[in-house]
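For reference, chains read A, B and C in written order, and residue numbers begin at 1 within each chain.
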Amino acid sequence: MRKLKLLACLMVILAITAGLSGTSVRAADPVKIRWFVGLGTGSETEKIPVQEEVVKAFNESHPDIILELEIVANNDAYTALNTQFAAGNAPDVVGPVGIRGRDQFPGAWLDLSDLIKETNYDLSDFDPALVDFYNVPGQGQLGLPFGIYPSFLFVNTDLFDEAGLPYPPAKFGEPYVDKDGNSVEWNMDTLRTLAMDLTVDTNGLTPNDEGFDADQIVQFGFGAQWTDLRGRCSLFGAALPVDADGKAVFPESWSTCTQWFQDAMWKDHFHPNGPYGGSDILNKSNWFQSGNIAMVQVHTWYFANLNDSKFNWNLAVVPSYNGKATAKLHADTFMISKATKHPKEAFAVLSYLVGEASGKLTTLYGAMPARKSLQADYLAKLGESPAFAGREGMNMQVIPDSAAYNDNPNHEAGLPNALESSDRITKFWTALENDPAFDLAVEIPLLVADLQTLYDVK
Amino acid sequence: MATISTSFPRRTMDEHQIARRRRRILTTAAVTLFCLIILSGYLVPVFYGLISSLKTKDQASDANAPIMPMKEITFTYEGEAYPLYEVPLESGTKQLALVKKGRASSKFVDPQNVEAGLIDWQGNWRSLPAVREVSPAWENYPEAFNKIDFPRLLMNTLVYGLVTMFGTVSASAMVAYGFARYRFRFKNILFIVLLGTIILPPQVTLVPTYAFFISIGWGGTWAPMIVPQFFSNAYNVFLLRQYFLTIPREMEEAAMIDGAGPIKTFLRVILPQAVPALTAVALFHFFFAWNDYFGPLIYLSGRRELQPITVGLASFNGLYSAEPQLIMAAAVISTILPLTIFFIAQRVFMQGIVITGVDK
Amino acid sequence: MSVVTESTSQVIAARGHNRRVLTNRQREERWGFFFISPWLIGFALFTLFPMIASLIFTTYDFTLSVPDEAKFIGLDNWRRMLFEDETVWRSLWITIRYAFLSLPIGMIVAFLLAVLLNSKHLMGKAVFRTLFYAPTMIPGIASILIFVQVFNPYTGWVNRIIEVFGIKAMGVTGLRWFDDPNLIYLAFVFIGLYGIGNTIVINLAGLQGVPTELYEAATIDGASWFTSLYRITLPMVSPVIFYNLVLGTIGSLQYFTVPFVINGGSGYPDGTTEFFMIHFFKQTFRFSNMGYGATLAWLIFVIALVATLALFGTSRRWVYYAGESNR
């Protein structure tokens, strides 16, 4: 029985501790603001200290606010943040996060319009189009421009040299000059021809050669790395699987695109299929870093992966399709959760992150700053970063040029019933890249029908 | 071996003994060998993990040297290091450094005769065997160790594991004894409820559980993971109950007749007999705690200094970068301690037999 | 320790004498509740409320990101689950079918390995036991990386080893473990065998408890190794096997992590990996639909509970409790 009493005592103590810690916030105390990182980049080991520095600098300059950093590894950040939202324990500021990450939490974000007006926030340093990018009909201004990540081709020049092939062009509109000196339009067909010459099996044969062994490929020609169907198909022009009336469609360009990629993986073999893409020889999905692929399309956030690369590489522009080049764009921002109890203080933090700290943070995340004032010396600073330091003749102008060819509508733009329709599209792509017998003629109508059902739900 | 025994025909009783001993040795050898074969098959993925932890990224993605961590031997020519290949020449096969790769022909240099300049070799360099040596990337280990704060992460995990192990084993043994030996009202229903707490998927109670712990101010502390363990854990209760049910009642009844109360009987009679099971439960709990991930992740996301090793490991797997070789190295480091504990606990298993007095 | 408890029990005993005499039955009941009190309190404090809350969720349209907008919708979630959502029944069927494949294999392998590791003929037991346990200790994130690689159709070790035996295994016409609807369950069962360390140890602990006199007696009677295994070992460790069976059943119905990580919850190939808990997880956390997710969770709860109770029902026939002989 004494034990029972002991237990009872323990319970009382627990209850009291709980009560105390729950009521310890007094009115005069500085406001606590929680900044959640993990939906995009930022949770990697080496990126944590810099963000901690930013928090420290903020806290030193803002005595009325205590900023707390919460970092959750990307894999689990969505579940963790959902749990926090659902339990009424939402963080105040969330980011960096892209469009897709934002749309995972429908209705959770605060419209910043009033705060911008109230604080007379100076938007003149931003491209108005970019400000508008975060204005979501029905939900309001959900973020301020922070950093953009244009995409382009990363080219392994060693592999081009080995094959004796000239590099792809570094300027939009320029043709590709092939090894015989002929100028050809830099389009998806040229990319295909070039990529096939750069695909090699273990015997040194290319898919053009007799006896090429597709089961023993050791080097691939081209890959659209770390993206999905919508991202890949942006190469064929920006398009959405929904029309103006909310009807599900499979855009014309997507039909071409899915056929192109299916052939690239299973017929021409120059693009890694699912199993190859996850294998050791392509560095378990970090393709370009393996040195075994000649060209990939990735965004600026990839640079840090090339800090200690043993091979030579350079940048090139994406090829055009039907005369038009489209370089998909990622754009990150910070957001404030609707459930915050301190919107003003949270906005102060957000202003700091997209303002004073944005130079430091965009560099950390590998983004091109959205602030025009910072863009001027962006390339110069990037040139000193570990990925570029010591390399000569890098086509850095490709980066800002590609930003101008961004995909609009964006490949991450919201769809009706976004969570479920995106899942359905992913399912389509998973089968396409893993199953050689995937039948586009059958699967496309099925996808459209399913999407229509999902669109109709909400 | 057989000839030895026939050449010494001593018709004594120890010949019989020798035969028996030999049979025993043979059985031991056969059983051990059999076990070894199964083990080596079973451990293939573990070998893969170990070897991956010893490869650099380049070694991992080298399609031609897939198993062991090998390095191409290089020769430095005009300030650049070039890999050596076995090149068949008219004068026989020679080790040459590949200076310029080409599809139809490549340029080599002879390390023994640099002055001769570049040798133009017609053919496909991919068909040539590279000169390699085994070169484990031991540096992955210090790199992984230094990249995250290993000592602190391990310490946090260790403290969490040990504290909750003590709590859950004592509480669970008590509860299990109650369910195994006593008759009381609603016992069956209560036991079903206990099992029900295992049966309901934990993900569905995640949100209310989290809300509850946050509301009582336990966010950012270890309390949500630690305190409940002191009130027993359904898995452990069930396992110990099963074990207690196998212990014959005679000794308890004898103890009761000698005037021992229930607590004394529990401590003096039951627990000593259950040492193997208690050890198992303690180990399981410790390993569960060692690998516990999601709880610490969500409750301690803002408190990096409190996080356990699992959460630290996850940060190697970023969205836009991945360090598989570091994940492997860190995983190996973090596995060593619990495996050592397991190894030592083996002794307790063996001793368990002695204490219970039912063996030997 | 022992001094304190001794005096405690004396005090309790003395009190018992002073009070009016309790019947044996009442005393036993009190002690029973005393022993289970930690669990009762812990359950009431930490588990009961979340369980009830999750049950209440089933009657709500509850989007995780906006808890304030949760709407009471009565039994709509239940109706949708039982009558409108085809995935529910398909995924249940997949889950149960897989359980019937993986559970017996896992249990038999774990039992035989435990017998082997308990053999008095085995040299270096401690090392073997530790090494067989090693895969269980590998952190989840690393083991997933490992299995995706060793099963890779082009470069994986599994296919390389199979090719040593002259079977075409590598490449697109070979054994594509995670792409072939027929092979994928085999691969999953194989991966599952790397998580049986605990089951082996539980069996081992059970085997330690078998009195050796029984084996000696059997040997004298001329029983073969197999007969002893069947007649002595199995009945004596049946309580432990029963535990493994119950937990294995519950675990199989909640099978989730491996298919989720390997196929990302896409159901690929051909919907074969659309296990029930994947459907649950997607609804709850990917589609943010906590209300419907909770409903699914409670369905699997009911099914697993019925299965568990059924197992308890059969246990009377085959589980032997030495300590319960007088009941």
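The definition used in the following text is that a contact is a pair of C-beta atoms (placed from the backbone, for glycine too) under 8 Å apart; a residue touches a chain by one contact, two chains touch by 3 or more.
Please read these numbers as outputs of a predicted model, since none were measured by experiment.
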Selected pair, greater C-beta contact count between B-C and A-B: B-C
Per-chain CA centroid nearest to the all-protein CA mean: B
Interchain centroid distance [CA atoms averaged], chain A/chain B, Å: 34
Whole-Å separation of chain centres (CA-atom averages), chain B against chain C: 19
For chain C, residues contacting two or more additional chains: 8, 12, 34, 38, 41, 45, 64, 145, 149, 155, 285, 290
Where chain A touches two or more other chains, by residue: 79, 83, 86-88, 280-281, 284
Multi-chain contact sites of chain B, meaning residues that touch two or more partners: 63, 66, 207-208, 211, 227, 314, 316-317, 324
Residues of chain A that touch chain C when the two form their complex: 1-4, 7, 11, 78-79, 82-83, 85-88, 104-108, 214-217, 274-276, 278-281, 284, 338-339, 419-420, 423, 426-427, 430-431, 434-436
Footprint of chain C on chain B - complex, ascending: 24, 27-28, 30-32, 34-35, 38-39, 42-46, 48-49, 52, 63, 66, 171, 174-175, 177-185, 187, 190, 192-201, 203-205, 207-209, 211-212, 227-228, 230-232, 234-235, 237-239, 242-249, 260-264, 266-268, 276-277, 279-280, 283-284, 287, 290-291, 293, 309-310, 313-314, 316-317, 324, 327-328, 330-331, 334-335, 338-339, 342-343, 346-347, 349, 352-353, 356, 358-360
Complex interface listing, chain A residues touching chain B: 14, 17-18, 20-22, 34, 36, 40-41, 43-48, 68-76, 79-80, 83-84, 86-89, 158, 161-164, 200, 202-204, 218, 226, 280-286, 289-292, 301-302, 304-305, 310, 366
Chain A-touching residues of chain B, taken from the complex the two chains share: 57-58, 60-64, 66, 100-103, 124-127, 147-148, 206-208, 210-211, 214-219, 227, 294, 297-298, 301-302, 304, 311, 314-322, 324
Residue numbers on chain C that touch chain B, as the complex places them: 2, 5-6, 8-10, 12-13, 25, 28-29, 31-36, 38-43, 45-47, 49-51, 53-54, 57, 64, 113, 116-117, 119, 121-143, 145-147, 149-150, 155, 157-158, 160-161, 193-194, 198, 201-202, 204-206, 208-209, 211-213, 236, 239-240, 242-243, 246-247, 250, 254, 277, 280-281, 284-285, 290, 293-294, 297-298, 300-301, 304-305, 308-309, 321-326
